[in-house]
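A, B, C, D and E are the chain letters, set down in written order, and residue numbers restart from 1 in every chain.
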């Protein structure tokens, strides 16, 4: 009981966590209700005059074709969160499965998984993603989540493996084995709960990483072929001459949002780290 | 009841597992029903490894461990569970034995889930309370608490209570008091002794000969994975034969006698064991042959075995080994 | 450790600098052309050998007032100077036109052939074409260009079927080429396809026999032909990933006849994106941009750049964007449905919104404005289509397409659901915007069409394999004959892979016959051609297997800070373009006509 | 008196309030004296040892005075303490296994440490080698990385480093608890030898193992729950302990050569109090079989015999 | 050390083998047909039979008419001869030639930005860890920087410095008015074009390293050897130095891990600034379905990352005695 209170106590006093989660909440809210407030659909050619700077009618201005930037923005934000959640979630999940298996089982399985992880770790994710993306010629957002998740896991697996490795040698794990518990159950009931804070951190980092990766893919034209996203907005902006035409309202909001969201996630990560790691609290 | 036959544990090291590291080397002994056997050695002697192998937490590389005549490595699923109903362990670090994020009494709940899923909860709680009382704890004081709210001694008693809830026949007690405060050590030790009187067999793992003497009938002295001396504890305690055992005896800090000065040989460098007698590098009475010849365990008295060339009748101590030079240059001490 | 790190770092920087500086482009050591070098297959000699025709050292910086900066032609780094290379010619635009020349040039603005290497050429009888070369033609290595070279070039197509112009022999009807004298050739045909043959007159580059006759088949078909030796107005100077640089051939045979092209250097820039081109045009770093620049209307209005027309559509039309309908799929196999669809598509919005008025709506005949004399106005008035949602709905209803299940979209007469996809390659943003409009306007008329943007490869596979529903295509460029377009639209026979036309697999023998007939009409018989095209148009508009939508522009915007006297609507003498295949359609004349701006 | 500690009070700052880890510690150590400091875990013995040399957060100086060779140590001012550390007061930490920079050769590390304190390594080197001989370490260790040494060897190495500048006071914090009996004995004997060779003047040996102190210490200070319970020459503590806690503590130690079957020993029932809100009065009250009303008041730490200090009302009574 | 090295080499060999195999699979299992895509651009005037003839011709040229196992073996054989096939996008240039032209730009952009960012970031992080005031400023800034997508920073820099202020060119490796020569004009021009792409990579990575170093230093300052030195009155200078030396080790490992990510950063940066490196080439190859070039780029990137990783492993042996003495089996 006391321990939990202590975490809460620090959590409520940790500026990094509070600011970070505040920003995330604001953007989440925007992504949630924003589309309802948007007056136009993201791809509608709303403004017959074409590109216009922000105004009361078009809050974030319009694109070269007169599409409402605000509408694209809030819908793209939604896509960003979906990618973060699903892609990051999947990456964490795969990382957990492999990390737990390697860390708990040890031995030859560990050697194999470890070698595999190292191999995947060394191969540049983006190069692989590009190739996968090129394979799938019609791409959906979910597909993007899937292949981001399936390539982002190695470092998570490594981190989780290391943690599991150290926890595995603790006597309570031996005791659980002496109680006849099955490995899966030991991992789920004894090891994972001990790493909860760590897993949360891993997830947060995967979340941010997935968002950045998705933005990169989208930007180079390998994003979803049937949806809007913040990365695609930037791609379109660059493609349609927003820079030389000075249409800053087209490329500033999406990048800013990504930076703010990922930055907030990182900030939360550090905040949580400080809460879970008493060593860092004093600094 | 529990018997080790030429048990070895080998770890593979090197890039492709090319080198073998013997943590436990060809160890044999037996624990009879209602008997306490002490396994004595310093860290790295392989004593905990043996405990873990008996508990099936580690696999045996060579040799065989039998429990009531059955090879324990064959146990699987239900038979393994059945084995654990009878054989349990308590470990050195009481705090590490508990999952820090859960309450301490969760260990009982797990036991119920795994072994007695059919026993209703109130009945189980009743049993738990009885077990706690029988290890000298007041259930009202210790239940529903986190591990850090309890003392090391209480936690160790908790674990013993846990073992008692099963139909336990054999307990591996791995250094269970070495991390406890002096004030509670003896209570835990006494508790073990009480269990013995109930007919339980105990493998008592320790580095302290005097504790072994206090509680056990027989003792096994391990050095670097080898049994160097084994037998009835009185004989070992009163007439230690192996130089290592003698050194252990001399090193015990006692309140009734001061140490003799300078009898301890210390390592000057980390040396790789090259064969020969494992104690060769530190042995004050080593012969040349000890560098290349590993003596076998010889019975010098009834129930008193020792592995030392000095007690091996047939050894020719004059055989000149090749390592003489090396030895003289390395084992000088201040 | 830090010290070590720093020094290693410095070394690395230096090393990479040096590598970068000398790696990518030509080493600046001018040498005489080595003509006799047998260019080993796939060894790029250009990296070391440099062409400096006049013997002077090529400069580090191209003098601004002597250099023309253009962009919009090359879509990838230069990789080949082989005028017979199929796929990648766009990369080294200028190889054909600036270096290698043709018998004739063609001026689409006047629909006239301009004698070029040829002095004259004519059908002496229905199966004999006689061509006479100019006198005094030379290759850039100084050797004379004669009828031998032309004969050699033509016969390459007979020898190597893998060359793109081999149909000259297999299809057009050419059977024999005979040398009459040093400048005259007689070509004998059997059942000549006049329209197609004339295409070759200004599309087949003539190569020097003395340099090509000893080359292997592989060299000729796939060799990169570094150090191109041609007869044209410009010579290869250098190239890099993002540019091709040409230098004027001071000894060009055409100078006395056509005049000297004004720019000494042409830097043909490959801009990675329209964005970059736009930035450069605005800054005056580009003299002529042939990129599609979305924002250009505004800039043109404000006077930052010049365009051919002062007002919308600003650009000449270069090709027709047509919507191919897959006639093997239901309900696109129903001509009535197809016609209704033509009325449902909001072309005005495509023009206004997707292109911001940079394009014009296409004539229902599909023919470009330069071919408008072949539009049969009567047929078009009677059968043509305009955007009219109400009418489209009515036509659907009349044909039995009704919304049975109340989802807002019509079902086929047999009650089956209609779900169609309109596609274009992902990333082709103007087309993406256009198919969005197609889909939404069709939906407004009750036809369930969704837009999809597969990647280029998938799109191309679907296009050629006939697995798409409907898709945009514009592969017929400006040409001397309406046959070019109709050959694209109604190509036959239908094969498993349709690689060059009739992607919708429209099968109608009557139409095929009409197109074949058109091909056989001599180009001099304008009346005959008009009659033939009229028939094609009538059948096409009745059957509607394809829907011409708009004309893609001959994108061109320029500034006059360095070069003036660009062609425009007031001075429509030539096409202001550098695109591949357009040098011989006026591009070169534009260069010749340019005048240096008066330096302030 | 080499060391004089007066009313030293050090708290641990935590969220839930101050932990009274050490209160009113007053004692003295004579020149050449090895004082053992013993007690159960959490009794404040490590706090006391550390407070004489370095206070890491969350430890906080509250009150008290420390005089070393007549000079007051500014233990509340970490900066000023630097002048005394290593030269006058030194520490062999409990964590000797990890006390050396893992990526520096040991000799190099010593050199850098010494030079940072303005001592010439080359001058010290012969002495350093002599001391290595003394602790049975080959001179090669100076050319090795810590990881190449075994636990016992690292322990000895740190002992040599800590005592290199011949400090007046050396604090050895639980240095034997992680060692095997044999090494334990050797290390403990080396401590005595250090004193005998006058590498150090006085020494505080913090341990929970009284039997080791019996072997090496001149006097023993017993602590209980953050306060001093008893201090006396070793022989007196072992043979005639005055504080009930000391008595129980000693009697709970397994006597060597005793068998359970022959003689059953017993421990001290109960647990020490939490120091977050320590009880008033005698802190051993709850576990003490002799406790009475007077124990509700805090007993002072008084010298009841020469060099024998104790904090127990019962004892004062019997001496009164 | 030998164990450490053999392990590493084993992993690298395996990775390389796997990567090459994947690489070989790329053109074979991709939807669409590379040759058909290449021929799709052939003049429309050609007729169907000519195209079929050309198709067969090119299939033979690319060796795609052989059985699969034969193709696989040939691929390896060719690879060891430095032959990666012919680019379809840049036909008939051999892939290896195309790569050779792009690599110097990559080296020029990546090596300085990676190493400088690492060097500066670590030093800055170490400084930040020691000053509360600096920490309060550097830390949030670093978070923002690491969270910034590479292309966005690129876009912002290009827009602000390139278009608004007009200080830097925003595309290409050197001016269109220049020919590469050994002149100051050219070198300065090269640097002028290099600066913005370099800056955008540098700035983002800088942030990451700074945070990493700061956190590591704080951990190290809490380590027991730091406490021991404090107890012995060692000056903060020495303690910080030791902490830095220890903290740099995971940062070196981090550098190895980071390489894969940096490739991504370089790619989008090259796209934003039209910088003619491998990333840009890879993207062009993908857009043009040039599988042989994709294959080459992928292989090259892998090879680059593997070699760089290996170099870092060697560096690690130099800086961390534990690897040298065979005590550490596991790290990056």
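Throughout what follows, a residue touches a chain if its C-beta (ideal position, glycine included) is under 8 Å from a C-beta of that chain, and two chains touch if they have at least 3 such contacts.
Bear in mind the structure is a predicted one, so any value in this text is a computation, not a measurement.
Looking at the partners of chain C and chain E together, the chains they share are A. The set of chains in contact with chain A as well as chain C comprises E.
Each of A-B and A-E has its own count of C-beta contacts, and the greater count is at A-E.
Seen from the C-alpha centroid of chain D, the farthest chain centroid is that of C.
The centroid of the Cα atoms in chain D and the matching centroid in chain E are 56 Å apart.
Averaged C-alpha coordinates give centres for chain B and chain D that are 31 Å from one another.
Inter-chain spacing, taken between the CA centroids of chain A and chain D, is 51 Å.
In terms of their C-alpha centroids, the spacing between chain C and chain D amounts to 91 Å. Chain A has residues 2, 134, 137, 221, 238, 243-244 in contact with two or more other chains.
In chain E, the residues touching two or more other chains are 30-32, 162-163, 170, 245, 271, 287, 289, 319.
Residue positions of chain D touching 2 or more other chains: 148.
By the touch criterion given at the top, residues 1-3, 170-172, 174-181, 189-190, 193-194, 196 of chain A touch chain B in their complex. For chain E in complex with chain C, the residues that touch the partner chain are 30-33, 36-51, 53-54, 57, 61, 86-94, 97-98, 100-105, 107-108, 111-112, 115-116, 119, 162-163, 166, 170-173, 176-183, 185-187, 190, 245, 248, 271, 274, 276, 280, 284, 287-289, 319. Residue ranges of chain E in contact with chain A, taken from their complex: 10-12, 14-15, 18-19, 22, 26, 29-32, 135, 140, 143-144, 146-153, 155-156, 158-159, 162-164, 170, 215, 218-219, 222, 257, 259-261, 263-264, 267-268, 271-272, 282-283, 286-287, 289, 294, 297-298, 301-302, 305-306, 309, 330. Chain D makes touch with chain B in their complex at residues 40-41, 133-138, 140, 148-150, 152-153, 156, 180-186, 188-189, 208-212, 214-215, 238, 248-250, 252-260, 264-268, 271. Note for the complex: chain D touches chain E at residues 53-54, 56, 81-87, 90-91, 93, 95, 98-105, 112-113, 116-117, 145, 147-148, 158, 161-162.
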